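Next up: the structures, one after another.
There are two complexes below, and they share subunit A, which is joined by subunit B in the first and by subunit C in the second.
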Partner chain A sequence: MANKSVWSDNRFWRRTATWVTGFASVLLIWLTFDTSAQIAMGNDQDLQNKVTKRVPGPTVINYKITYEMSAKRGHEIPVIGEKEKFFGRDDYSEEEAGALLHLGKLGSQAKNCMDCHTLLGNGAYFAPDLTKAWLDPAWGPDGAMQALTGKNTKEEAMAEFLMHPDQYPTHARMMPDLGITAKEAKGLVAFLKHMSSIDTNGFPRNFGKIKGAVHGK
Partner chain B sequence: MFEPFTDVNPSFFGWLNQGPLTLTIFLHTIIILPMIWIYFQEKKRLENEN
Partner chain C sequence: MASKYLTGVGSESKQLATWYFTFAAILFGAQLLFGLVAAIQYVMPGFLYGVLDFSIARIIHINALVVWMVFAMFGSVYWLLPDETGIETVGIKIGKLLFWIFAAAIVVVVLVYLFIQVGPADATTIWFVTEGREYIEAPRWADWGIVVVALGFVGNLFLTGMKGEQTGIVTVLMADMIAFAGLYLAGMFFTDNISVDQYWWWWVIHLWVEATWEVFVGAIAAYGLITMIGAHRKVVEMWLWIEVAMLFGSGILGLGHHYFWIGTPEYWWEIGALFSALEPLPLVAMFIHVLYDWGKTQGAEMAREGVTEDNVKSVITNRPAFTWFVLNAFGNFLGAGIWGFFHTLPQVNLYTHGTQFTSAHGHLAFFGAYATILVGMMYIAVQGTNGIKVMKHTKASLWAVSMITGGVVGMTVALTIAGYVQVLVSRAQMGATWAGYFDGQSGMWFSQAMDWRLIMGVVTFIGFIFLAKDLLTTGKNPVHER
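Now for the complex of A and B:
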């Protein structure tokens, strides 16, 4: 009888498949727990002690957030700075800030923001990506949106825009009036501010440089 | 080939994701090398059976 090739031998393929499947399963289970730990939300203590978390605690809305180029990581990262007033206050407790974010999250789902916008990579690209909307210079002191809405702060300008988007047509594709109340708008702006503080490894790539991806540019 | 570690938190999976080849080298080491070992084991077994 001629020598049987290993390549046509069932045992070789069975052992290989067992090894690859078994090893991949272990790796994926490990990856699941590793990821869960890395994306777990931080808390107020972390913020006070300057502990860097991918997802900071809700009280991050009490702080100034900037977006700075990191030479080491090769992309921009959100940097949490000094205290900053948010709707006139910088002392939101963990419960208050958490409730605001929760209201904003529910609002974003009820109004179906993702039907047009992208949030953290999920949603549509019909309207600007909202992942880093809070850091968009258009809403800052030198941007057009504060003057346009007649407000003096970023959060008030954003809330005003959200309540009456059809009065401030910034895009050829105008945002419709979704009947957002003042309370909901405050929650939504808090939700957007918190989202911008999440370290997304530089996503969306080249934020602020893509024409049309950022409001008012 | 091996870039300096730049992830937020040090982790095994962060290390795997640092350069274009790190994941490839890891998977080849862990999957292909044992396959070669299994191959020669099975080859020896088939030869002995004959």
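Now for the complex of A and C:
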């Protein structure tokens, strides 16, 4: 055995495998604690005190959200601004907003949204990404969707579309009618608005900013 | 011990393995069929609109993929356990009972996907219709069923491994399968916080396919090399431990490449980039390992006394299975390694995340890394069950391997081109909006790519028909040496 190299010794490699795996796992668990604290949902106090959270509390639906270039971060981040009415109100309590978000998140799963769309970039690629859908110019005052659905606000246009997607085709590929009720639609729009306020490290890049060279701008 | 490899007759564990393989092959067919439906819907958006929408076709396409692979993995373990440990699998009766529970549960889940599809936004839907979390949509009741079945399977494996001879392969499988089963628990809760949701969801998806499943493949490849070409166990197992170190060393923290954009902190950019960039290395190692051992044993055979160029025999005792194993070595490296590395760096991923690029990578990686080797294991089972000494290719087995591989590579190329169009037009140029998305989708290059994807999907499906025919009939074919 004296001449046998450790490099061709199975026991050496078994121990290496065990130590490497153990070390990687411990590091992952340690990082998980740090990340979990950083992505825990904020609350209404944070929003009132302008404390920035990576995932703001549900009452973020009471505020205007924009997506702006941060010189410090080098990419765009969601910016929570002044109060903004959401379905006619800007005073949703923590409980009310939380219930809406809960309904919306449940709805997003019960309707299999992720099997056509992407949320935070994850899901299927058959339909547009919804990460910042709330901020999409198409739903804004200058976009086509408010006129198409005959509604005067972004949230009402979105809710109307979600309830009757087959009546408002934007492409040959149409969203099917998923039996979404008015209540569920309101929850889903709250869920989308909340999602747009999540700090996604600049994804998607340049969202809604570039008109594109094809349009000569 | 060598003779035991060649027969599955009389072993209940091997019989159970064939059940698992059979059900896996059926689900493989379902996967391809529903994939075709989804592919047609890209080309003809009205196809089955409102009846079997894209979302449902895609759920079944991918769920069938995951489940057939899990079935074939369980089958592979039940197949090799008696060979490795030298004893009949402990608790095999319970294992058999669990198979039927598992299979029945899958049928119910698929029927509910097909005919109920969606439900109201409440907990009942999550428990009984769909959990709506990509790839693991199975409702919560089925989750618990899967946990019970997986525990039974792990129990079989551990009790047998501890009672019989505990080889390196069995040790790796024991450690790997307990992690595999345990990780599923990370996907079984509901939260309103989508960032937290996706954080844990990736523990299931990534730590399965980029860590535990890959280690599983390493163990199966080791078993295959020993049984099919008579590679030296000590060498093979040393490679296996090196692969485990490299796979877990890169794969566990490589998880970070899914945490670039889901709300998680920026440090995941560096961690994810570094470790996921290392992920191809073990795949290169596995590739070299398979070809090296093959060349080495064949070379030793040629160097034997009295062996000349004219009378030299191949060391391969199962041609079709070995073909699939070698394809695995290539496909794993190419599909998981290269196509994965393409878009793993955050600078690139910022634009490619959530495009057909991912889909191209997914197709080649799942085929290359998993489908190939699991089909190879099915051939090993056919050989063993029919008492064949040296198994040859048939016309059908050659058509199957050529058409399936050609089809999947074709789909991958098409989807990669579609991904480029999406990245350039929808993302870089148009700023990722709804309008930008459809601008990209309407482009000529995108739609041509989708046409080719469909054509190549049909080629793959025809290949599957050859495969099914061959697996069912080749066992009785007189061409093999018995």
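The rule is simple: the second predicted complex is superposed on the first by the 180 of 217 C-alpha atoms of A that agree within 3 Å, B and C clash if a C-alpha of one lies under 4 Å from a C-alpha of the other, contacts with A are read in each partner's own complex, and residues count from 1 in each chain.
In this text, contacts are C-beta pairs under 8 Å (C-beta built on N, C-alpha and C of every residue); 3 or more make two chains touch, one makes a residue touch a chain.
Keep in mind that this is a model prediction, so the values were computed, not measured.
Contacts of A:52 after superposition on the shared chain: subunit B is touched, whereas subunit C is not. In the superposed model, A:6 makes contact with subunit B only, not with subunit C. Judged by the touch definition given at the top, the superposed model places A:34 against both subunit B and subunit C.
Of the two partner chains, subunit C is the only one that A:124 touches; subunit B does not reach it. Touch counts on subunit A: comparing subunit C and subunit B, the chain ahead is C. Of the two partner chains placed by the overlay, only subunit C lies in contact with A:109; subunit B stays clear of it. Applying the stated contact rule after C-alpha superposition, one finds that A:199 touches each of subunit B and subunit C. Legend: residue contacts after superposition of the two complexes on their common chain; A:190 is shown touching neither subunit B nor subunit C.
Using the contact criterion defined above for the overlaid structures, shared-chain residue A:65 touches neither subunit B nor subunit C, since it reaches no partner.
Of the two partner chains placed around the shared chain by superposition, subunit B and subunit C are both touched by A:20. Residues 9, 16, 20, 31, 34-35, 38, 54, 199 of subunit A touch subunit B in one complex and subunit C in the other. Interface residues of subunit B, counted against subunit A in their complex, comprise 4, 6, 8-9, 11-13, 30-31, 34-35, 38-39, 42-43, 45-47, 50.
Within the complex, the subunit A residues that touch subunit B are 1, 3-4, 6, 9, 11-12, 15-16, 19-20, 23, 30-31, 34-35, 38, 52, 54, 72-74, 199.
Listed in rising order, the residues of subunit A touching subunit C in the complex are 8-10, 13-14, 16-17, 20-21, 24-25, 27-28, 31-32, 34-36, 38-41, 54-55, 58, 98, 101-116, 118-129, 131-133, 136-138, 166, 170-174, 176-179, 181, 184, 187-188, 191, 195, 198-214. Here subunit C touches subunit A in the complex through residues 38, 41-42, 45-46, 49-50, 53-56, 58-59, 117-123, 125-126, 129-134, 137, 168, 171, 190-199, 234, 237-238, 241-242, 244-245, 248-249, 252-253, 255, 258-269, 271, 350-351, 353-356, 358-359, 422, 425, 427-439, 441-442, going by the rule given at the top.
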